[in-house]
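In the part that follows, the structures are each spelled out as structure tokens.
Heads up, the next two complexes both have chain A, just with different partners, chain B and then chain C.
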Partner chain A sequence: MSNTPKQITLQEWDQRYEQLQRAGMHQPDYGGPLGRHVEDGDYRLLKLRYDNSAAALRLWNFLLTEEQRLYQARTRGKKIVGTMKDLGTVPVMAYSLDNLVAFYPDGAWWIPCVMELSAGLLSIADSLGIDESFCPVRAMLGAFVTGAHFPIPDLLTCSVGATCDDFSAIAQRLNSLGYPILWWEIPHRRSPEHNEPAVKLPGGFSAPKCQVEFVKSQLELVKTALEELAGESLDEKKLSAGIQKANQVRAYLAELRQLAFTAKVCPLPALEMLVAEMLAIHFCSDRDETVIVLKELVGEVRSRVKAGKGVLAADAARIFWVNPVADLQVMNLLEDCGGRICGTEYLFSHALDTIPEDLPPTEALARIALADPMVGSSVDRAERICTDIRRFGSEAVLLSRIPGASHCALEGEVITEVVQANVDIPVLEIEVPPVTDSIRPTLRTRLEALVETVIERRKR
Partner chain B sequence: MICAGIDAGSRAIKIVLMDTDSRQVIAKGLIDQGVEQDKLASELFEALLKHSDINKKDVAKIVATGYGRNAVSIADTTITEITCQAVGVRQLVPKAMTVIDIGGQDSKLVQLDRTGKVRDFAMNDRCAAGTGRFLEVVAERLGIKLESLGDIAAKSKRPAVISSMCVVFAETEIIGLLTSGTPREDIIAGVQAAIAERVVTMAGRNLELPIIFTGGVAMISGMDLALKCALQKSVTVSPAPQMTGALGAAILASSQLNRRRP
Partner chain C sequence: MKTIIYTCPYVPAEWIAAHGLRPSRIIPDAAGSTGPVVPIEGVCPYVRGFVNEVITGTQASAVVVTTVCDQMRRAFDIVVRKGKLAAFLMNVPSTWQSVAAQKLYLDELKRLGRFLIGLGGESPSTDALVKIMLEYDTARTSILAARGYLTSRRYSEAIARFNRDGKSGITRDITDKKPLTDGIPLLIIGGPLLREDFEILDVVENSGGRIVLDATETGERGMCAKFDRRRLRDDPLMELANAYFGGIQDAFRRPNSELYNWLKREIAARGARGIVFHRYVWCDIWHAELRRLKDCIDLPVLDIDTAGDNETYKHRTENRIRVFLEMLQ
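And then the complex of A and B:
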């Protein structure tokens, strides 16, 4: 059996699964052949290409069994928290309590892609007055109405204020359908004024102390609600332990990103990197297992880098990807066109930063929440992107717009301007709907042209 | 040795045959696009070979470009129209720094560096309002030939204002303008201005001169003036604007064969 790293189809994975089984592959209880997930209606999986490692198989199986994991947790008597519009703060708090499991209902925005629109979630959102002028995360409304994709949480929290307007509207619509929501406010991060007490934030940002204090007060509200739900107090010791665990996940992701984005030959495909990075948000409903999954993946990538082996050509164009894509297949498409991912900013870069462990835990979480790229200006975000471009040696930026998303109408223009002024590399903006089949040729043209441009620039 | 460039565009297939050593164009041809684009490309290719008395075996490399490039089975490789247009235009206008290409179903802006390589690009392929399709719609609606649009628009004294950014809605506006007695030359000039504005929205106004206008829409008189007006900068129509993509593809085929830069 060859263990040469490569990308394979779902059908090929099923054959490889048999080989790995025969070779004695150890599998967790959620393991099994990838193809079985198609039976649940995840038709898009048939069109994707996957990394062929056992570590990648575990990653995919972990992702695709989250719904079962949530139901199992409920059966075991655990309480479920839906942490909406919160990319990596409240889950850290929730997982600090033994009796809670947190997940990210907004993740339903990928269901229309994965199920190729067959679940009808967007149509349900339409019927509720949340039409296509809103971000595809509106699919979450449909998921609540059908109750078919995740258990209805015992507690719903949602950050509002400087987050996305679309999401606020969608969450308010959800609220009006009879789902109570604990709103917590996050203000727009601003620079401290002259002589105003300032606080340094992860990611190289800073904010006025009063903003950090305000976010702390909001997180205290959330903490109280979590304690009531769990029937257990969330003291500093427990929260600090939770932060340390979250940092363990973040440390693995930091190593994974550094290895994958700087290796001479790309050691792990873009799609697996995306899935891995997403684990930072809410640990795919099992924090401890997330650590194991990432440890295995990092191990695989380390050995590939050491051996100089990879899944793509050594001369692949090094692309920095901004924003997550609604259609996962587009990540494969970039690789088909001769590109590889060398740097990402999926709107949750703060969830990849280390949470300060030398501060009172709520203060540390308030600081990390304020470092969210979405609550600051697009210029701040663009500057962080430039820093990472230099770090990872990216040769071009691909900005994938999310149709209807309104976190910043001019975000693309701002990022383009800042990137061109600071690092002078090409920036391409594309729009990626949940299913891109009909626009694939035009998307391909753009991506191929970007790769051609990068290759030509190397000859300068 | 001979190389060929095939530009399978949305409205037409264009082919250029080039002598690899001298970089001279030996033959060029064009045929309307259709459902069987692979067959059409092959037929045009064969016809050009026959007309030029060239044996197929003497064609060493074929590069296909354009939106239908992947359907051209006789091609050895494909290169995007962004790169091919840049090379083709630079061959004809060596000092070109900006290329605006408006075709039947998309529009592109390509910015070049001093050596002629693509520095950056933007592309509109999601909205027909900035493409030749808009002109086709107005021609159909007014019952006139596409190639006559420019001459008629030249008579306009006061271009109509087309406020819709969507061709479907703009068509309704055109019907309204016709009903209200707006002269057709003003409607066409208004549509040309609307296309130009759309392109400017994509391109921005800080474009480096010289700006060369290419693609099928560049052949419609008046469009260059509309672009000039919208950009407030000088715009020059490329020589042989419909063929620049195929020319670029042929040059790149030659370069690949000779392993030398265009």
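And then the complex of A and C:
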């Protein structure tokens, strides 16, 4: 059996699965051939290309069985928390309590893509007055109304203040449909004023101490609600242990990113990297399993890097990707066009930063929440992107606009200007809807042009 | 005297005036296709009009922007990068039920005060603040008393003029006038109006309607609550914060149930028979409220979505208002 790393189709995975089975591959209880998920309506899977490792299989199976996992958790008596618009803070708290499971209802963002619009969630959102002028996260409304994609949570929290208008408005609409929401606030992160006590945040930003204190007070509200739901107190010891576990996940992801983005030959495709990064947000509803999945993936990538093996050509253009893509297939498309991902800012870089372990735990979480690149100015976000561009040696930036997103229209220009001024590399802005089939030729031309520009610049 | 411009109703004019500076809540023009921010898909026309006015205008010394919506928050980045004015971004919390949120707003007022002093303003004495608050309160009372005596447009423009210049000049307008009672009573609700949008109020009247409640951000909804005279003398800044942060209901608040409670009370008091819902394309905050408004208020609703500067939109709006009023006849 050949273990040469490569990207394969879903059909090819069936055969590969058999080979791995025969070779004695160990599988968790959610394992199985990837193709079975198409029966659940995940038609987009038929059009993607996947990494052929057993570790990637486990990653995909883990991702695609989240719904079952949530229902099983409920059957086992666990309480379910839907943590909306908060990328990687409240889940750390929730998973510190034994009988809570947290998930991220905003993840419904990808359902229209994965199910190729067949689930009808966008039409339901339309019927509730949330049309295509909103970002694809509107699919979440449909998911709540149908109850078909995740169990209705026992507690819903939503971070507001410095969030996008899309989500804030949609969450309010959800609330008006009879879903109670615990709103908590993260203020817009500002620079500390002259002589104002300041705090350095994970990831490099700084904020006034009073803002950290404020977010701390908000997290205390959330903590109380979680404790009531769990019927158990969330003391510092438990929360600190939860932070350590979250940091284990983040440490694997840090290593994975460093290896994947800096290796001579790209060891893991963009799509698998995107899925792996997303695990940091809410651990795909099973924190312990997330650690195992990432450990395997890191192991695979380590051995590939050591052997100098990878999935793409060694001269692939090194692209830094900004914002997640609504259509996953576009990640494959970039690779088809001769690019590879070397750096990402998928709106949640703070969920990849190490949470300080030498601080009182709520303070540490307040700092990480305020480190969210989206709660500060677009200039801050652009500067963080520049830092990572230098670190990973990216040769161009691809800004993928999210249709309807309130932050995209004005931030693109700022990010472009800051990147060009600071690191002088080309920036391309594209818009990616949930299903790109009709605009694929245009997208391809633009991505090819970017790759060609990068190759040309190497000759300078 | 230095002028400080802003557009958000949560910025208290009294606080700026008490620092010896001139507050001016501007109403931007619908910026055409020129200006630093060109029409781009996704940008609210009001944000565009505001940014272009701030960047190209030369009259003011500084601008205050708030965080009530993401687009404005991001517009601040553009104002800072492309404009010449000193700029201040004020955090106005979306949540409002906790003491922490109320304190945050109060702290932001104090921070704004430091910014104003940095611009050459003076630290206000309690007496000066009380005096200014009383003046503004009296002016607001006189404007509110004129409701029903002025045409819809003149009334809304009187509010806008007061916001811009701090003067009401209203008593002169209503002397010897009888209240206006003709026309089907309507309310208009939504975000702020651009200067050109005030024409809608004329269209309503010319089509047989009468606005009994301007619940746009530029209208009565964007006015703070009346000050409590006793609390005002005890702690004027706190009373200012209460009247603004606690008194202005808006769609961006979480939850925004108080907006609906306020609306229901006002509809009952004023006998409105229909609602003109005014929103800008790409404004998620108001757009998301449209269906809910239809569901929870038992009145016909006319949805007016506008791009701000577009003749086609204008004609379509006029026709739709006419048809709406015919239906209500």
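Heads up, the rule we're going with is that the second predicted complex is superposed on the first by the 459 of 460 C-alpha atoms of A that agree within 3 Å, B and C clash if a C-alpha of one lies under 4 Å from a C-alpha of the other, contacts with A are read in each partner's own complex, and residues count from 1 in each chain.
As a working rule, a residue touches a chain if its C-beta (ideal position, glycine included) is under 8 Å from a C-beta of that chain, and two chains touch if they have at least 3 such contacts.
Owing to the predicted nature of the structure, the values given are computational and were not obtained by experimental measurement.
Residue contacts after overlaying the shared chain place A:128 against chain C, while chain B stays out of touching range.
In the superposition on chain A, contact is made by A:426 with chain B only, not with chain C. When both complexes are overlaid on chain A, the residue A:377 reaches chain C alone and has no touch with chain B. Within the superposed three-chain model, A:448 lies in touch with chain B and out of touch with chain C [touch as defined at top].
Contact with chain C, but none with chain B, is seen for A:221 once the two complexes are overlaid on the shared chain.
In the superposition on chain A, A:457 makes contact with chain B only, while chain C stays out of contact range.
By the touch criterion stated above, A:193 is placed in contact with chain C alone, chain B being left untouched. Of the two partner chains placed by superposition, A:34 touches none, neither chain B nor chain C.
For chain A, the partner with contacts to more residues, out of chain B and chain C, is C. The part of chain A that touches chain C in the complex is made up of residues 128-130, 133-134, 158, 160-166, 168-173, 175-176, 181, 183-185, 187-188, 190, 193, 210, 214, 217-218, 221, 377-379, 404-411, 413-414, 417. The touching residues of chain B, counted against chain A in their complex, run 67, 70, 78-83, 106, 113, 115, 117-123, 125-126, 261. Note for the complex: chain C touches chain A at residues 37, 40-43, 47, 67, 69-71, 73-78, 81, 89, 91, 93-95, 98, 100-101, 104, 107, 111, 114, 251-252, 254-256, 281-285, 287-292, 294-296. Chain A makes touch with chain B in their complex at residues 420, 426-429, 431, 439, 441-442, 444-446, 448-449, 452-453, 456-457, 459-460.
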